[in-house]
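What follows is a group of structures, each given as C-alpha cells.
Consider the two complexes below, in which chain A is the common component and chain B and chain C are the respective partners.
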Partner chain A sequence: MSGTSTPTSGVTAAPSVRKEGAPPRGGTGGGRRRRDFTTRRGLVVAAFMAPAAVFVALFTYYPMIAGSQMAFRNWNLTDLTDTSWVGFKNFREVFTDPAWGTVLGNTALWVVGSIVPQLVIGFALALWLRRRFRLRGLYQALIFFPWAISGFLIGILFRWMFNSEFGVVNDLLQKAGLIDEPVAWLADPDTAMIAVLVANVWYGVTFFAIMILAALQSIPDELYEAAALDGAGKARTLFRITIPYIRVTLVLTVLLRVIWIFNFPDLIFGMTGGGPNDETHIVTTWMIKITQQGDYGKASALGLLVVAVLLVFATFFLTATRERGGGRRGAGRGGKRGVRA
Partner chain B sequence: MIGKETTAGRAAKFTFLGLWLVFSLFPLYWITVTSLKDPGDIFSFPISYWPENFSLENYQGLFGKADFGTYLVNSLVVSAVAGAVATAISTLSAYVLARFEFRSKSALLMAFLVTQMIPSFIALGPLYLLMTDLQLVDNRLGLMLVYIAVCIPFCTVMLRGFFENVPDALEEAAMIDGLSRLGALIKVLLPVMRPGIVAAFIFNFVNCWNELFLSVTLMNSDENKTVPTALNGFISSFNIDWGSMSAAAVLTILPTMVLFAFASRHIVQGLTAGAVKG
Partner chain C sequence: MRRRTAALALGTAAAMVLTGCSTMSPGESGTVTLNMVESLTNPARTDLLEELIADFEEKNPKVKVNLVSPPTEQADQKLQQMLQSGSGVDVLEVRDITVGPWSNNGWLYDMKKDLAGWKGWDALTDNAVAASEDDKGRTYFVPYGFYGLSLFHRTDLIKEAGFDKPPATWEELLEQASKIHDPSSRRYGYAFRGGANAHSNATAAIEAYVADRIDPANGYLLKDGKTIFSAPEALDAMEMYLKLFKQASPKSSVAWGYPEMVEGFSNGSTAFLLQDPEVIATVSESKSLDANQWSTAPLMAGPSGKTVQPLATAGWGVAEGSKHKAEAVKLVQFLSEGEASTRFTKGNSLVPILKAAAEDDFYRSGPWASYVTMTENPDTYLVVTQPRGVAWWTEWQQRADTDVQKMILGKLTPKELLAGWDAYWTEKWKK
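Entry: the complex of A and B
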C-alpha cells in the first residue's frame, strides 16, 4: 500500500546531492565528515517530506486504490450482504444505462462549449489589457472576483438569474426585445445546457486572460517594431507574431483547462442538479449522483473510466510540457513556469 | 497590440472591456440586491433592479430559523485549521523539493501532480468507508484531515516556486552561524517568504471554505454542517427560498472576496507558477 511506501522511500533516498553541485565545504572535510553530512541531509528530506506524503497517501491514494477494486464487485450500500466479485458487470451497467449517451454528449458539449468561448474572450481581454491604461490594476482585480467564488455557488447565482418566473435574464432579454415570452431556461435540457455554459464562461475567462496576458508580456517589443517596419497589418501581426510566440502557453493552458473543466461537476450540481430528468448530467455529476444512491460498485467503475481518460490527457499534457525544454522561445512567463514535473 | 492605437480601436477596446466588466460584476450585484430586498418584493413584478424597500429580513431569518451562524463557525474553524496545517506541512515539503535532489523526488512530484488531475471526489464512497472505520464521519476533525490532504499537493507546488526565488545563500549563512536547518527555515527563510506563505494559506482557506462534495458526504448532522453543505440542503428542498438563499450566498462569498482581493497578486503569481488550480 502506498500509505507506508511513500515516506520510507524518502528515507532510503539518503544520498542527496546538493542542487548546484556540492561545494567542497571547508575544503579538507574528509570522507567521514562528508558522509555524515549527506546522511543528515537524507534524514532532513525524509522528515520534511513525511507529513505531506502520509496525508496524501492515506486520504487521497488509499481511497482511490481501495475504490478501484469496488468497480469489480457488487458493492451497494443499500445491501451489503453480498459484495461478491462480479467482473465487468458494473462497467456493463454503465454502458447500457439509458442516460449514458446523454451523459457523454453533455460532457463533450460542456468541455468544448466552455473552452472555446473562454479562450477567445480571454485572449481578447489579454490583448486589450496588454497596454497600460489608468486603473488597469483595479480593472484586473475586479474581473478577478469570480475566481473567489466556488463553482457550486456560481451555479446557485446563475440558477436564480435564469429563474423562469422571476429571473433577471428573462427580464433583460424581454426589455431588449430579444424574446417575447419568458423562457423556462432550466426546465428544458437544451436551454439548460446553454445556461450552464454561460455560467462557466463567466467563471473561466479570467484564468485564460491571466495566463495569456503573462505570456504576451514576454514578447519583445522589437518583434512588433520590426513587423511594423515591414508594413504588417494588425491581423498579420497577430497571426504571424503574437500567436506563434505564445503557442506553447496557449496549448498548455487549453490542455490544463480541458482536464479541469472535465472534472468540474460543482457548477452543474448547483445550477441544475443534473435535471430536468437527468438530462444535464456530465460524467462527474452523474458519478456523484450514483455514489449518493449508494451504488459504490457502479460509481467506482465510472470513476475508473474517468481516471483512464484523465491519465491519457495528463500524459499528453506532461509530454507537451516536457517538449519545451530550456531556451525554447515560445514559452512565456506564464508558460515557462508551468507545471514542473 | 503594442503598435499605435487608432481612436476607433481605443473606443472598441474600452467598449469591450466595459461590457465585460459589467457582465463580470452583474451576478454579484444581483445576488446582493436580491438579498437586501424585502422578502415579498423578490417575487413581484415588475422586477426591480434596486431594493425599493430595503430590508435585512433575509439575513435575520438565516440566523433565526436556519442556524446559519453554526454553519459559518464550522466552516471557519475547519477551513482555518486545515488551511494552516496544510500550509505548515507544505512549507516543509516544498522546501525539500526546492532545495534538495534525491532519488524519489520526481516520483513524489508526479504523485502530487496526479492528484491535481484526478478530482478528490472520485473516491467518495471508499473515503466514506475509510472515515467510518476511523470513526471520523460527521466529525469536524475528520473533515479537517481530509481537507489537509486535499490542499497539500497544490500548496506544495505553489510554495516550491516561491522557495526557488529565494537564494540558498540565505539559510546557508544562517546555518554557518549555528542555526539548525529547521531553525534557519523558520527564523530566516519564512520571514522573507511571508507574502507567499500568506497567499498559500489564503488559497487553502478559500478552497476548504468552498468545498462541497467531501463535506456533503462526510457531514450529516446539523450541528456539524459547513456552509456549502447547508446551502446544498437549501437547494435540495422543493421550493427554494431565494431570500435566505441570496443572503446566505452573500455571506459565503464576502469573506473569500475580501481574502482574494488582499492576496490576488500573489495568487496570480502562484497560479502562473503552479499552473494548476486545486
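Entry: the complex of A and C
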C-alpha cells in the first residue's frame, strides 16, 4: 500500500494515513506492548480472575453440559420416573415433526429479512449521524434508545401497535389513505411474519448504527480530502474508501447479529407466540414451546442443533470473509484504490 | 506491594465465595424459615400475600416466611426447577394443571394425615373440598379460590339491538352478538378467544352441548365412556362456535388472547366477553364504560338448558423436599381459613372457597351475583371435574389451541378437529 503512486496532490496526505489512520485489527485499538509476567503477577491475575471463572464455569458451562445430555435421554418433566438414554430419538422426532420445514424456512426468513434492512438502514443512519448538525447528540441518543429495551417488551408493544382494531399502524395507514379497511396483521400467518420483521428491523437498526458510526469515526478525514481532490464522487468514495475501511467492523457486526437474531425468540414470542397456526415459529420460539410442554429432551436436541448450525455458520463466514481480504489489508487496498481513482 | 495486592485479591475472592455460601446456610436462632413460592404473581397480589404472611408470623413468632415471587410467565418453570433440585421450597402455589405432573414426580407432600383433624374443613364449600383431593384421595393442595367463566355483556347494546335480556344459551349469544356486530363502525359482537388458551372456550361450548350426558367425574368423557368430542352434539357446538367467529367477532381475534379480549370489552368496542371473575376489577376501572352499561350473566347453556362450569383452581401445597413440613402445613391452614382466605379471594376477584361468602353482600350484588347464581343452582350449572391434572395437559393445550386457530382460518373443518381431539384423548387414556 502506498500513496506515492497517486499522480496528484493526494500524495501528501497518504503517508500520514498509513501511520495513523489504518484501522486496527479487529477494530479494538492498537497492539499493546507485551509484558513479562512474573509468577507472582500471574498469581495476582489468576486470583482476580478466579471468581469470574468459577461463576462462568458453574452457571454457564455446567448447565450447558448438563443440558446437552438431556438431548439423548427421555427427559420429560411430566414424568421423570423414566429418564433412560434413548440415543438420537429426540433428534429424529425434531426432524420428522411436520412443523420442522416451516420452522426452518421461517428462521431463514427471520435472519435474512431482518439483517439486510437493518444493515442498509443502520448504515444510512450512521452516515447521516456522522455529519455535524444541531442537536446531533440528542438525536443520536434517541436513535440508540430502542437498544435499551427488552425484546419481549418490544414484542408486546408491537403486538398492540399491529392490533387490527385498536392498533396505531392500521389507524395511520387508514388516515394516510393507503388501506380502506383494517388489515388483520397478526391473524394471518403471512402478514404476521411481515409484522414481526418490521418490529425486528426497527429494533436492530440501532445496533448497526452504533457500530458503524464508531467505525466511521475512525476513518481519517485526509482520505476523503484526498479522494475529493482526485475527483471521486460520493458513490465511489463510499465503495472505495468508507466500506473497505470499516470492513472488519461490518463483518463482525453482521456475524454477531446473525447469531443474535437466530437466537432471538423474545420478540416473536411476545408478539405472536409463534402463531397463528404455529406459522411464525422460528427454531428458538419452537424450542420454548416444546420446553413448555415439558419435553426437555426434545428441546435440548433442538438447542444442540442451533449451536451446531451457528458454529458451522461462524466458521464458514469468518473463513470466507478472511479469504476475500477482509480487515486491514482490504481497507488498505481500498484506500489505495480510492485515492488512485 | 505486590504481595499485598496478591493477598488483597485472594482475600476478595475468598470473601465472595464465603458470602455465596453463607446465604445458603440455615438460620441458627431456633427460628424456622419457610420459603414460599407463588406462581400466578402480580404486584398487588404479592403485597396482599405479604400482609397475610405478616399476620401469620405475628401469630407464630418462631416461624419466618420468605416469599419468592417469580414473574408469572416463568413461575411454574422456576418452581419445577426448584422442586427438581429437592430444596429451597417449603410452601408453594400448586395449580390444577401442575398438580398432576408434580405429584407424579414425587415433588409434592400429601397433607392428608396432617389435615385429618383440621377444623377448617367444615367451613369450605363442597367444590373446595372436592378440589383438595385427587382421584386417589391424596391432598396435594388446598384451593384458595376458583376461576370460573361468566358472560360479561353490554346491557345498553343488547337493549339497542332489540333484546330484553342477556343470552342464556350459546344460540342466543350467536343471535345477539351477530346482530350487534358491525365492523365498519368498529363495533364487534363477541371477544373471540383465538390466541393463547383458545381451546378453553371451545371446550366450554362443547361441554354445554353435551351437559346431559357428561361424566361428572371427568369433563372430557360421556357417561358411556366415550370422549365428549365424539358426540354428535359436539359437532353442533363447534359449528355454532365457528359461526360465532365468522358472524360476530373481529377478524383479528384469531390471535386474541387474554389482554386483547379484556381490552376489547373494556374499551367499549365489543359487546360480549367470556371471562374469569378477576376481570370484574379491570372492567370496573374502565373509563369507556359506566357501571350501568355492563354486567355479568351466568355461563350460557346448551340445547338441554344446562351447562358445565369449567372451574379452574389453584391453591397452597407443601414440597416433599421441605424440612419443615409441620410449619408449612400450618401456613397452608392459615391461608385457607377465616379472614385470610376472605381477604385473598376478595382482593383477587376469585370465586370463594368458604361457605360463608354466599351471605356476604360483596358477592350477592352487582357483577358478582351471577357467580352466586351458578353456585346455588348446581342442577343447571353442573360442577364437573375437568381433567386438567393429567400429565399431558400442557401438550394438549398447545395442540388444541393450534387446532382452533386452524379451524377458524379454514384449514380444518369442525368435524376434522373433533375427530382429532377424540383420537388424542382416546389414545392418551388407553396408555
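Keep in mind that, in the parts below, the second predicted complex is superposed on the first by the 269 of 341 C-alpha atoms of A that agree within 3 Å, B and C clash if a C-alpha of one lies under 4 Å from a C-alpha of the other, contacts with A are read in each partner's own complex, and residues count from 1 in each chain.
In this text, contacts are C-beta pairs under 8 Å (C-beta built on N, C-alpha and C of every residue); 3 or more make two chains touch, one makes a residue touch a chain.
Small disclaimer: the values here were computed from a predicted structure and weren't measured.
On the shared subunit chain A, the superposed partners chain B and chain C overlap sterically.
Of the two partner chains, chain B is the only one touched by A:Tyr61; chain C is not. Counting the residues of chain A that each partner touches, chain B and chain C differ, and the larger count belongs to B.
Residue contacts after overlaying the shared chain place A:Ile143 against chain B, while chain C stays out of touching range.
By the document's definition of touching, both partners, chain B and chain C, reach A:Gly273.
Contacts of A:Ala192 after superposition on the shared chain: chain C is touched, whereas chain B is not. Contact with both chain B and chain C is seen for A:Arg41 once the two complexes are overlaid on the shared chain. In the superposed pair of complexes, A:Thr78 makes contact with chain C only, with no contact to chain B.
With chain A as the common frame, the single stretch of chain B that clashes into chain C is 219-227; none of the other options in 75-83, 93-101, 165-173 or 219-227 do.
Shared interface residues of chain A, touching chain B in one complex and chain C in the other, are 41, 44, 48, 51, 77, 163, 165-166, 273, 291-292.
Considering their complex, residues 1-3, 5, 13, 16-17, 20-21, 23-25, 27-28, 30-31, 34, 42-43, 46-47, 49, 89-90, 92-93, 95-97, 99-115, 117-127, 129-130, 145-146, 148-150, 152-153, 156-157, 161, 168, 181, 206, 209-213, 217, 228, 231-232, 235-236, 242, 245-246, 249, 252-253, 256-257, 259-261, 264, 268, 271-277 of chain B touch chain A. Interface residues of chain A facing chain B in the complex, by the touch rule stated above, are 6, 9-10, 12-13, 15-19, 41-42, 44-45, 48-49, 51-53, 55-56, 58-64, 66-67, 70, 75, 77, 121, 124-125, 127-131, 139, 141-154, 156-161, 163, 165-166, 168, 171, 202, 205-207, 210-211, 214, 221, 224, 228, 234, 237-238, 242, 252-253, 256, 259-260, 263, 265-266, 269-270, 273, 284, 287-288, 291-292, 296, 299-300, 303, 306-307, 310-311, 313-314, 317-318, 333-334, 337-341.
Only residues 2-3, 5-6, 9-10, 12-13, 16-17, 77, 80, 84, 100-101, 104-105, 183-184, 186, 188, 194-196, 250-255, 257, 260, 263-264, 267, 269, 391-392, 394-395, 398, 401-402, 405-406, 409, 411 of chain C touch chain A when the two sit together in their complex. Within the complex formed with chain C, the chain A residues making contact are 40-41, 43-44, 47-48, 50-51, 54, 77-81, 163-166, 181-182, 184-188, 192, 272-273, 275-278, 289, 291-295.
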